[in-house]
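Order as written gives the chain letters A, B and C; numbering starts at 1 within each chain.
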Amino acid sequence: MTDRRRINGPPEGTTPLEFLTGFTHQSVIKRSPTTLRKIFLKTSLTPPATGSAFLELPTPSSPSTPTLKLTASVYGPRPLPSATAFSPNARLTAELKFSPFSTPGRRRGYIRDGVERDLSAQLSLALVKSVDVGKYPKSAIDVFVSVLDCEGGLGDPGDGKGGGGVEVGLMGVLAAAISCASAAIADAGIECFDLVAGGVAGAMLERDGDVEVGRVGEGGDSGGARPRGEHARKVTLVLDPSPAGDYVILAAAAVGYMAAKDELTLVWTKGSMSPSSDGTEETERLIDGAIRAAIGVRLVINEAIKERWLLGLNEIGLIKEKGVGGDGDTAMD
Amino acid sequence: MAPPQTSQQTGTPLSPAELSYLHTSLTLTPPIRPDSRTPTQFRPLIAESDILPSTNGSARMIWGDGGECVVGVKAEVEKNSASTGGARDWIEISVEVSGQRDDDAFLGMTVAESLLVPGSGVLERLVLGERFHWKVFVDILLLTPPLSHPATLLTLTTYLALRNTFLPRLVSEVAEDPVFDDDWDNALALYPIGRIPPPITLLVVSVGENIFFDPTREELAVGDVALAVSICGKKVVGVRTLEGGSGGVGREVIKRVIKESHEVAEEVFGSLNSVGEGD
Amino acid sequence: MSRYEILSPEGLRTDGRRWNEIRRFSAKMATTTAADGSSYVEHGNTKVICSVNGPIEPRAANARSSERATITVDVCFAAFSGTDRKKRGKGDKYSTRPIKSPNLPTYQGGGGALLMGRAQSKRRVLEMQSALSRTFASTLLTALHPRSEVHISLHILSQDGSILATCVNAATLALVDAGVPMTDYVTACTVASYTNPDESDEPLLDMNSAEEMDLPGITLATVGRSDRISLLQLETKVRLERLEGMLAVGLDGCGKIRQLLDEVVREHGNEMARMGTL
């Protein structure tokens, strides 16, 4: 008599499963604070969309490595629905969606939550300033970004890293979404003033062991009212911090940066570093750091777009096949 | 740089010519604002705190342009549970805009981010012994459709409400179920004087060389960039870009905005703390 | 009977009032410039903010009538208005009348936690909205503004009994402020029926939430100085012979409220005349 409602184990004993310990944080820690992770970016992967791009960060060394994967697709310029009022500019809407399986652990619901709405709003803000919307009256440009996998989670409470730091997961997702969507907009052939690249920088608390983390928690207890010696906490500026990394980020900044124009389209900072100073200089340093990260990302976007363009020229026979077919994988040093 | 382009996006009723006029007058040195305020001057407002007896802390603000905001803070005892995890869940913020179905995610996130900045020490004050904690609900109600961006109004009201939030004093031991002192005179402030106060967010718009605080909707429409700068205590803890403005801005502008907001915040804190002392 | 005395042998109620006294009433008009008319009413611990827009072009097509203006009412309970904070789902509102729940841990001495079903609370809000809209439809001169809408939006910040009545009073003030043509003030109050230990009955004017929970009561609204009743709501059962006494006390109470509202309006008018806006 077997119980049909359950999946029974084999009648004879088994040895417990042994999972491969796939991912270690070794590679992340080895990265120097100013080195960016490798980015894989390829455009024109979604045929029905006018323009599209796929971004993976970092380029995986093995299939089990958790990475940030997202796709962006751009539709338009297409006519606005007839019910809407006349608009002399193109209306750019951006929607960022996490797929239900994107977060490690808990499954996400389909319903748009506050985080998604917030990120969507920031994304459209960062993009609209780069697009020449005046060129496309009465049209809509819709950008959809779908996050397929977000490496170490989003800093949801319960990730276990909340002690004394801010989470950079969302900032990383937003920065990657900006870069990817900007590449997709370029791929769609929509006229832009410049490409926008997203960059993140964080102020990382260096720690020799667990003692240092304990000290941060203590600092939280005292409410920062007690000034502490600077030697107790060494803060390093780290570009492109990974949420999977095992360190405490005290403050972080994400920017949308147009490198050719040297202009920012988006600034988002949070957190605070030292209790003694007023935080303005730190914020400035963070923004500068994020811009540096964005400049690095920009090279990858350039490369990806160039590759696609050469491929296109090749297809119509304008150039001979030569030096085409790279995977857009650009290493940052 | 074409200010007229922004007119449709922000929905101001001004014509391109009017917007361009406004833009020019704001870029002058010294700038001329339509309501003849100085760049750092706020619009007149009525503020009162501690208005609702059924809350732990409350405040109400009425802006000169008709914006009205009520904030109520309520605290409930909740069991520590492993599933909800971090202490970040202990403060819940909701922003309800009258006549709008969804909560405003952007505003809510801005407030939440600055409120939960590490090191503010507020979460530690919510601990009730070993097994329980306070859960604080901050409900922000924007009563009238805002004519200008509601961020400043909203955070100033929230600041006032939190500043006047009191929690009953715990009289039981650490390991017991919490029992509280019935006397409200013994209640503890959520943000005691001398500790880091609640954060505020200032809305700043930059036009040309000039920086304006508490911009009106029209000023936002012609601005180069609009930023929401959160300040907690004496520190800048968050910056976010807002809608408005065309094209990007140089990093120097943003740095200047952050610096100046920090200076203005001191003054704002001073005047907010004097609310309620008059009566 | 309940744990505490609703009416002491000396004839005093829990908050020290006599049977025919109303709670502290204060009201302000024109609290905001964003709406055509607005008011803020504090009745005891019940606090309501009201704003009126109109007559305006109807926002929804079904609010358009070619004969008269339609009156739409939005009632919204703030999450912090009750004793406990209300959890809420998407788009639903809160109830007016708390029902008792089994003992939940609460830090306030006595009182007991209040809880209400979500569906029930939604239904109650709809009920209030339609009651208010029908009450004012009979008093406003809606025929003067065909194909338009008068929108009344009410926010309850703090609830302590007599909520519907306070909403009516707040809406009246806001409508006066907005200058919507109406025949007279609509004023409302509540009356409870208390049973003495000797089985005789005694009407109590102006219920607070404790009385509302324990006693049967009516909400009634009258138009102006006349005794014409424009709203009468009874939510619990009450002996028929008691109703007449309750109505008499209620009409008297409405008269008092009318006087209070009139003072507020006149004061506001004088203020405006002084400021030179009239």
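Please note the rule applied: a residue touches a chain if its C-beta (ideal position, glycine included) is under 8 Å from a C-beta of that chain, and two chains touch if they have at least 3 such contacts.
Computed from a predicted structure; not experimentally measured.
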> If you walk from chain to touching chain, how few steps can bring you from chain A to chain C?
Replying inline: 2
> Taking each chain's centre as the average of its Cα atoms, which is closest to the average over all protein Cα atoms shown?
Replying inline: B
> Which chain pair racks up the highest number of C-beta contacts?
Replying inline: A-B
> Quick one: which chain's Cα centre is the longest way from chain A's?
Replying inline: C
>> Nearest whole angstrom, what separates the Cα centre of chain A from the Cα centre of chain C?
In response: 52
> When the C-alpha atoms of chain A and chain B are each averaged to a single point, how far apart are the two points in Å?
Replying inline: 27
>> Counting only Cα atoms for the centres, state how far chain B is from chain C in Å.
In response: 32
> Tell me, which parts of chain B touch chain A in their complex?
Replying inline: 2, 5, 8-9, 83-89, 102-103, 105-106, 108-109, 113-114, 117-124, 194-196, 225, 227, 232-243, 245-251, 254-255, 258-259, 262
> For chain A, which residues are in contact with chain B within the complex?
Replying inline: 87-89, 114-115, 117-118, 121-122, 125-126, 129-130, 133-134, 157-160, 162, 164-166, 193-194, 216, 219-225, 250-251, 253, 256-258, 261-272, 275, 277-280, 282-284, 287-288, 291
>> Can you tell me which positions in chain B touch chain C when the two form their complex?
In response: 51-55, 58, 62, 64-68, 70, 72-74, 76-77, 94, 96, 98-99, 101, 137, 139, 141, 143-145, 147, 168, 177-178, 180, 182
> Which part of chain C faces chain B closely enough to touch in the complex?
Replying inline: 31-35, 45, 47, 49, 51, 74, 76, 78-85, 90-91, 105-107, 109, 153, 155, 157-160
